[in-house]
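Two complexes follow with chain A in common, the first pairing it with chain B and the second with chain C.
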Partner chain A sequence: MARQQREVDPEYLFFEAPREQVFITGSEAVAEAVKRGNVDMAVAYPITPQSESMHLIGDLYAQGYLKDYYRGENEFAVMAAVHGASLGGGRVFTATCGPGTLRAMEMFPVWAGSRQPIVCAFMCRGVSLPPSIQPENIEMAMLLDTGMMMFHAEDAQDFFDMILRAYAIAEQPDVHLPAGVFVDGFFVTHTRSAVMLPPEDIKLPAYDPRRAPVPTFDMETPPMRIIRDPLLNKSNFISYLANASWHQEIIAAAERARKYIRRYMGGLLEVEDPFAKIFLAASGTAVSQSREAIRVLKDEGIQVGLIKIKSIRPFPAEEIAAATAHAELIVVPEFNMGGWLAREIKASVDNNRRVVGGPRVFGGMTMPAELIVNEVKNALRDRFGAERTNS
Partner chain B sequence: MRNNSKTFIRMSGLGGQGVVTAAHILGMAAAKDGLESTVNPFFGAEKRLAPAESYVRIATEKIYERGEVLFPNIILIFHPHVITLGKCYTMPFFAGLQPGGIVIINTDRSQDLLREDDREGLVRLGARVYCVPATRVAVEVGGTELSTNIAMLGGLLGVQKLVSQEAVREALMERFGGKKFVASGTTAALDDVLKSKFSRLAQLVEKNVAVLAAAGGAVEEYHPGK
Partner chain C sequence: MSTKIITPVDEFADFLPQEYKELVARGPYRERRSVEDLGTFKEIIEEHPHCAGCGVSLGIRLLAAALPSPEDTLIVGTPGCSFFGLVQAALNYSNTAFGNQNAVATGLKRMLQIRFPHVHKDVVVVAGDGGIADIGLDLTLHSWFRREKITTIMLDNEVYANTGGQESGMSRQGQVLNMAPQGKRFSKIPVFEMAKVSGCVYGARVTVASPRKVGRAVRNAILVAREFGPTYVQIFTPCPTNMKFPPNQTLKVAKEAEKDHYTYEEFMSAEVAAYLARL
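What follows is the complex of A and B.
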């Protein structure tokens, strides 16, 4: 139970505490993370495939792990409510997806703008017509420039680990920004697999708002300067300058997060088989599907490396450029129609004709390994002729 | 099948029949037997009698692939309507079945569910087709239609011993009793409430184990070519 939990050093919780294997869904992994996250308050609003996670967190509240929990009026209200709780000095958690993300959209730049270390999970799904509740991560494209940090988990293990680590990164005084932890809905939330968990009697140290770079709101003595005199009411040089420099400071804070992402998540990306000439570069579930494709290609004598991108914001542009400096082909499979990750990678590397955006699966279908294998083989044939496919 | 150490299973049924729970129990049992396993369901808006599918992957090496099993080795059909009304996500119901694959259908054989082109397709694949009266076994042995999903697992284990019966029993305990409950189930310190709860749970598990065994013995091979 909550009362018997003791606070431990984050690095002990992440790296040293003994772990035991359980067979759980991604939604259950979220609740296991929040249970060990010393979270003060969570606000929920249901939407498939996110609903089960926040339902399980309601159970945690009933068991005494959280100080407060309720169901908001809608996603916008939820995101505004956790913002208020965070301004008041609490550690908060919420989650949404798809149309819920879009409905709440206005609040995400507000979180970043007020420098609140809110952690929100996104169980990505189709956003609208034709309607789909199935996995698809196009909503991530729409959040790329909200100012919040974005981490993309591959599986339930990643999801558990990244949620806890997101707090450690987001709450650093020189960062203090919101963090979204993303997964592809259903593929992670509803899939049961082996997950290694540290003991449930330990938790993160409490959030200390006195370390925050912005003042905590005390509603007994509200900060009138912020409430009554927002910058938008002024139209002089000082207000423009303050606004612009504040934006730059948000971007700079995300840059400063890189060192903590390296410390707590082992880097913004992971590279397997670094000397390969062909790479699959992906994030989320597309990484798992790529791993299967790499096995198939290896059986056929084609050596392919893997770049797993964990941090989408800040984006590891320099690391990708370095990892692919000698690559001849970079194939980017994605679970969305827009191909936002391929665009990001094309903007990061020299000679970006080497980047092939695809295969792309959307509308909720799965991405069989064969689809990725064909994309690689077709690209090899187009670029280097038939003889290269069996090198 | 690229590798003999992998078995991919697709379970097609109707919402409320327990295809998700059956997959959960099978996957958990595989994990208890020391195998790698992932389990995931697929359904539209949750509602009774709508198509529901779940997928179990069991292997000796780590499984990365997620999502629907497009090319199963084994297909379990929980309800005749999956075949006759097309209540599944692939058409025909055996689409993607691997050559030499297995199909197990819940039917008491009172009517032939397969059309001529289904039979031809299954013969072409060299599929082995089995019938198991899972709903009847569930009612007669388990005392409730709700055990149909466990009877289907019994039919599966009757055809192919993918996991041990002991692992299934443990998985049932964990699924219906909760992990902590099982851990303390043998201690004498249980209070009376817990004891009565435990006896109900033990009964539930034993009944389902009986359903599992009875269904395993009630499987009949069906020859689509004849």
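What follows is the complex of A and C.
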């Protein structure tokens, strides 16, 4: 089958190709995406709950869908290896989570600084405070300012779609940045759900290194001598300026990605019930739990809208401000202790006393819809008095 | 790369810097040069900001002259002293995070084999003793265990020089250094011996006081890596700044080491020996 795949226009693959429903896990959805991603090389390292997806990608390599694949020695080495492979001018994939993300941390700003369109999946889990392999997404807070784009998938369908679309966005010549695609581990990776898949005999066009805005590292791109005076370690204004300009260009590249995120993902966020006065704003699995809470609240006569945030970097600050301009209450449920999404939203809207950061669950705790319902009701009672809860 | 890629069109030639034109006309890209030819051709590294008498800069000059195919060589390094000369080399050089070099080289080599299956793209790690033997030791060893077809060259100055003279795993026992105020308490990490048992098919231990040996070792290591697997060259590159000897004594220090702890040594597998004999 691998040899019979044909390259198609990304928009055909994403929007037009007929899709069939399958019942698969999130890990299997990752492999289905990579199968259609025309990925040259992947490097794997085990960590729960990420491992299964990279086993399946190993199987894809054995079947001929990828040209190279191996198990690295640790996450720092894996992220370094995909960095080297991407420098060499091909399309790469890897995945990690939790402590693996932190172990590899030094490489993420390197990817962005080197302007490499590496796509990495993160199956978020606890880190050691105290140790937990269970779902939570505190690691996303630690990656907010690495320079990489960050997309947060709600379910296996999102995970499949976002991985493929991340390549299309990341590889644009005016973007050319790494992209992380995140899900909440176990909830998505280890559960089955209905996923609509395009045929497996089509794939993305190959990565074209000639479209890269920085020279490919292959000794085929002059000038041979790139630098005459190294800037690193120099203490002068020109060196600082050159470094700062490069930083700013990375930020600007992420800004330029917004138009492609709108084209390929249908926007940085989705709003349901836009005229509601109360909103639940969430990303990842917390969106699914919010949907359930909204149903419960509706049954009790409380109308609540939903803001599903898909792109965390770049962050849809203006869209959130516009969508909530008329809102009286914005409740932000999260699967982490720090409340990073609530902080982001509070920094984006006027009168941020309208934002309630919670409920927050972590350590593997689930988030029953009742927890969100209670958060909304408590906030209404605290702010508007008891009568509003029944209005 | 084909030399056509770097040869300017006639209309553009006048506008290029003199040194670029010299590199195209008299550089080592068109015909093979070696350490013996130094002084007769345009070198890929000339200016550098290393200290006077720097053993590392001399090591870089020698290894750069010894590359069998500089037009298809990619060097991966680390932050540190070696960066200063290498970043100005007229070939692709990359360094990113400290200690990641052999993993970066692994990914790079594999991708270049995918993209250029019929061309030898030589991926060479050039880094200091701290990068290879301390912070990057696990990645160094794993690239050897995996039998990656890359060459690793350690510029061993037996100290963290760029950060101000701290003890490294390759420092000599008893040496008083920053972070070793009472002298280093253990001997040099036996990386050369580890290379023998970790998958390297060729290795050489040399000093900058023997330029021809450096040149031969580097060339052998790169040619062998193309065909057989990982290779390792360890070059003693004394540091006058941190070891507090006069900068005009670098070669003398290296020469004395050859009689002491840095004796010349070379190892290779039987098939590598047969291969090199045929060249």
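Here is the rule we go by: the second predicted complex is superposed on the first by the 377 of 391 C-alpha atoms of A that agree within 3 Å, B and C clash if a C-alpha of one lies under 4 Å from a C-alpha of the other, contacts with A are read in each partner's own complex, and residues count from 1 in each chain.
Following the convention adopted for this analysis, a contact is a pair of C-beta atoms (placed from the backbone, for glycine too) under 8 Å apart; a residue touches a chain by one contact, two chains touch by 3 or more.
Keep in mind that what you see is a predicted model, and the values were worked out from it rather than measured.
Residue contacts after overlaying the shared chain place A:Val43 against chain C, while chain B stays out of touching range. In the superposition on chain A, A:Glu292 makes contact with chain B only, not with chain C. Set against each other, chain B and chain C touch different numbers of residues in chain A, with C touching more. When the two complexes are overlaid on their common chain A, residue A:Ile133 makes contact with chain B while staying clear of chain C.
By the touch criterion defined above, A:Ala369 reaches chain B but does not reach chain C.
Contacts of A:Ala85 after superposition: chain C is touched, whereas chain B is not reached.
In the superposed pair of complexes, A:Val349 makes contact with neither chain B nor chain C. In the overlay built on the shared chain, the residue A:Ala212 is in contact with neither chain B nor chain C. With the contact threshold set out at the top, not one residue of chain A is in contact with chain B in one structure and with chain C in the other. Taken in their complex, chain A has these residues touching chain C: 40-41, 43, 67-68, 70, 72-74, 76-78, 80-90, 92, 106-107, 110, 113-114, 215, 217-230, 232-233.
For chain B in complex with chain A, the residues that touch the partner chain are 2, 24, 27-28, 31, 36-42, 44-45, 63-68, 70-71, 179.
Within the complex formed with chain B, the residues of chain A that make contact are 22-23, 133, 135, 155, 184, 186-188, 190-194, 285, 288-289, 291-292, 295-296, 299, 365-369. Interface residues of chain C, counted against chain A in their complex, comprise 1, 5-6, 20, 23, 44, 47, 49, 71-74, 76, 79, 83-84, 87-94, 96-97, 99-100, 103-116, 121, 138-139, 142, 146, 162.
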